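Scrolling down, you'll hit the structures one after another.
Both of the next two complexes hold chain A, though its partner changes from chain B to chain C.
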Partner chain A sequence: MTNLPAREQIIEAIRRAVSEALLIPQDQVIPSARLVSDLKAESIDVADIRFRIEDGLKIRIDQREMMVALGENLTAEELNNSFTVQFVIDYVTEKLTQGARG
Partner chain B sequence: MTVGGCDMVTGVGTDIIDISRVRRLWSDHCDHLENDLLTASEYKRFRAIIDDTNCESAEPNRATWFLATRLAVKEAAFKALGAPRIPAFNWCDIEVLGDSDLSIRVSGELGNAMKETNCPSFVASVKCDGRFCLAFVIGVTT
Partner chain C sequence: MVSHNGRTVCIAGGTRGIGRAVAVSLARHGYSRIIVNYNQDDVAAAETVSQVEQLGASCHAIRANLALPLAINELFDQVAHISPEIDAFVHCAALGAFKPLSEVKPNQWDVSMSINARSFVQCVQRCRSLMHQGAIVAISSLGGRMALPNYGAIGPSKAALEASVRQFAAELGPDGIRVNAIAGGFIETGSLISMPSYEEVKDYVARNTPLGRIGVPEDIADIVAFLLSPDAGWIQGQVIVADGGFSIGTASYGA
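Coming up: the complex of A and B.
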């Protein structure tokens, strides 16, 4: 069993990852921000964000698995609306919690 | 399905990628390229280009263009599927083969989506210059 980072540390790591990948100020990275629609992330940016989170929090994020967690059989619009900073925080927290348990 | 002896176009996808963005991705995340963005075979060819050109840095060169080409074609191929519902996928589900004469191999959930959209193969074209890499992919069925 490993130590789970505090919720604030997870949020900070994710906000920093998004900010550094997209070259935007951290104050724009609010929980309700949609990565694609609001923050204009391209797929290469999403990969960049994922890698930064993986390195920062020492976890492995499988893109397919993350997309399934967003919801199956979504249209592009539904997917973009669901893919928020808050979703990433919740998803990563859940992954870390599972890792700490395992 | 063939109309008038021609292949039937089932979907079209384009992607344009900023070479400097690819360079930054490579520079910041070189350890993540293999088996995440590039398949083992793609990565082997990428490494061979780096070794050939004796360039480990992410400066504009054949290796950067190779990486940009793979990423742009993968994204364009995904769009060319024209799936009404977005299938969950990993970048390695799409493999780009060849250099001047590109071909695309699809596996995983995307492979299933291809069957559903009646898109058995892709035709790809790509153009890179100093700033951008543009990929154009069409899904065809014969």
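Coming up: the complex of A and C.
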């Protein structure tokens, strides 16, 4: 069984990844912040954030699977609204929990 | 019927676009064992394995994120486990943002450099212990030598890739390892669809290419097969431009 990082550690790793990739202070990386609309992340930034989280938390994130988890058949605006820091925290936590169970 | 020759190739970024075409082309050219690396797309990886196996070669797909040096080390540990010796390595992996250099952010520069250039260097370093003689090909692009619209992140990384090819060619040539690159022009792959004004650029390039069309992945894959073959045995440290003539500057002829 894999040791699961504490939720605080997961949140810290994700906030640091977003902050360092986008060159913004960590206090702007709040749960409700939308990555694309509010934090101005471009597609390569999303990949970079994913790489940093994968490296920091030693997990694999499938970008396509993550986008499906956001919701299927969403408009671009709905997708942007759903793609928040909180979503990433919840998604990564769930992935890590699944890994620990497996 | 393909006659297989016992040779093994490893292809970084080998399951989509040019990389998949290279895997299939090398299976057709008789490679017996093809190891393809990928990062994201399990479906594309399975499809590539299927296409290669239909040609009678064995194919192994290994997931590794080439932005991460530790992942590259793990990739080559797995490659060595599958095949203690390899005959060829092809680097097709690429990632970048289509935007002007004036607007490229530091992390975007770093991501482009890490995938497009640094991973090539680390892969070749790891290949050394597996390759006693053989050939290496890197896929570059015209942006490594020409200023192109929205190529601000990718162009400089391809220039670094090409310089690394020359450097390795000098260092590894005495050991019987040839290292070359191909600078492709506008090649129609899924990764270009996010390019700004994609359709207009595609149309412009086709109209201004003496051979009258844009490129397809197979155009590049067949040159990879040639560069890896003994027929290219006297080519070392070169960047072969394959763009249907676009870069010779015939736009003013008003095609």
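Operating definition for what follows: the second predicted complex is superposed on the first by the 102 of 102 C-alpha atoms of A that agree within 3 Å, B and C clash if a C-alpha of one lies under 4 Å from a C-alpha of the other, contacts with A are read in each partner's own complex, and residues count from 1 in each chain.
Throughout what follows, a contact is a pair of C-beta atoms (placed from the backbone, for glycine too) under 8 Å apart; a residue touches a chain by one contact, two chains touch by 3 or more.
Bear in mind that the values here come from a model prediction, so they are computed numbers and not experimental data.
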item: Simultaneous placement of chain C and chain B on chain A, clash or fit; value: clash
item: Which of chain B and chain C A:Leu22 touches, first, second, both or neither; value: second
item: First, second, both or neither for A:Gln63, with chain B first and chain C second; value: both
item: Which superposed partner A:Phe51 touches (first chain B, second chain C, both, neither); value: both
item: First (chain B), second (chain C), both or neither touched by A:Leu74; value: first
item: Touching both chain C and chain B, counted on chain A across the two superposed complexes; value: 42-44, 47-48, 51, 54, 62-64
item: In the complex with chain A, residue positions of chain B that touch it; value: 17, 21-22, 24-25, 28-29, 32, 36-37, 71, 75, 84-86, 88-91, 93, 108-109
item: Chain A residues touching chain C - in the complex, by the definition given at the top; value: 20-23, 42-45, 47-48, 51, 54-55, 60, 62-64
item: Contacting residues of chain A [partner chain B, same complex]; value: 42-44, 47-48, 51-52, 54, 62-65, 67-68, 72-76, 79
item: Sites on chain C touched by chain A in the complex; value: 40-42, 63, 65, 67-68, 70, 95-97, 99, 105-108, 110-112, 153, 194
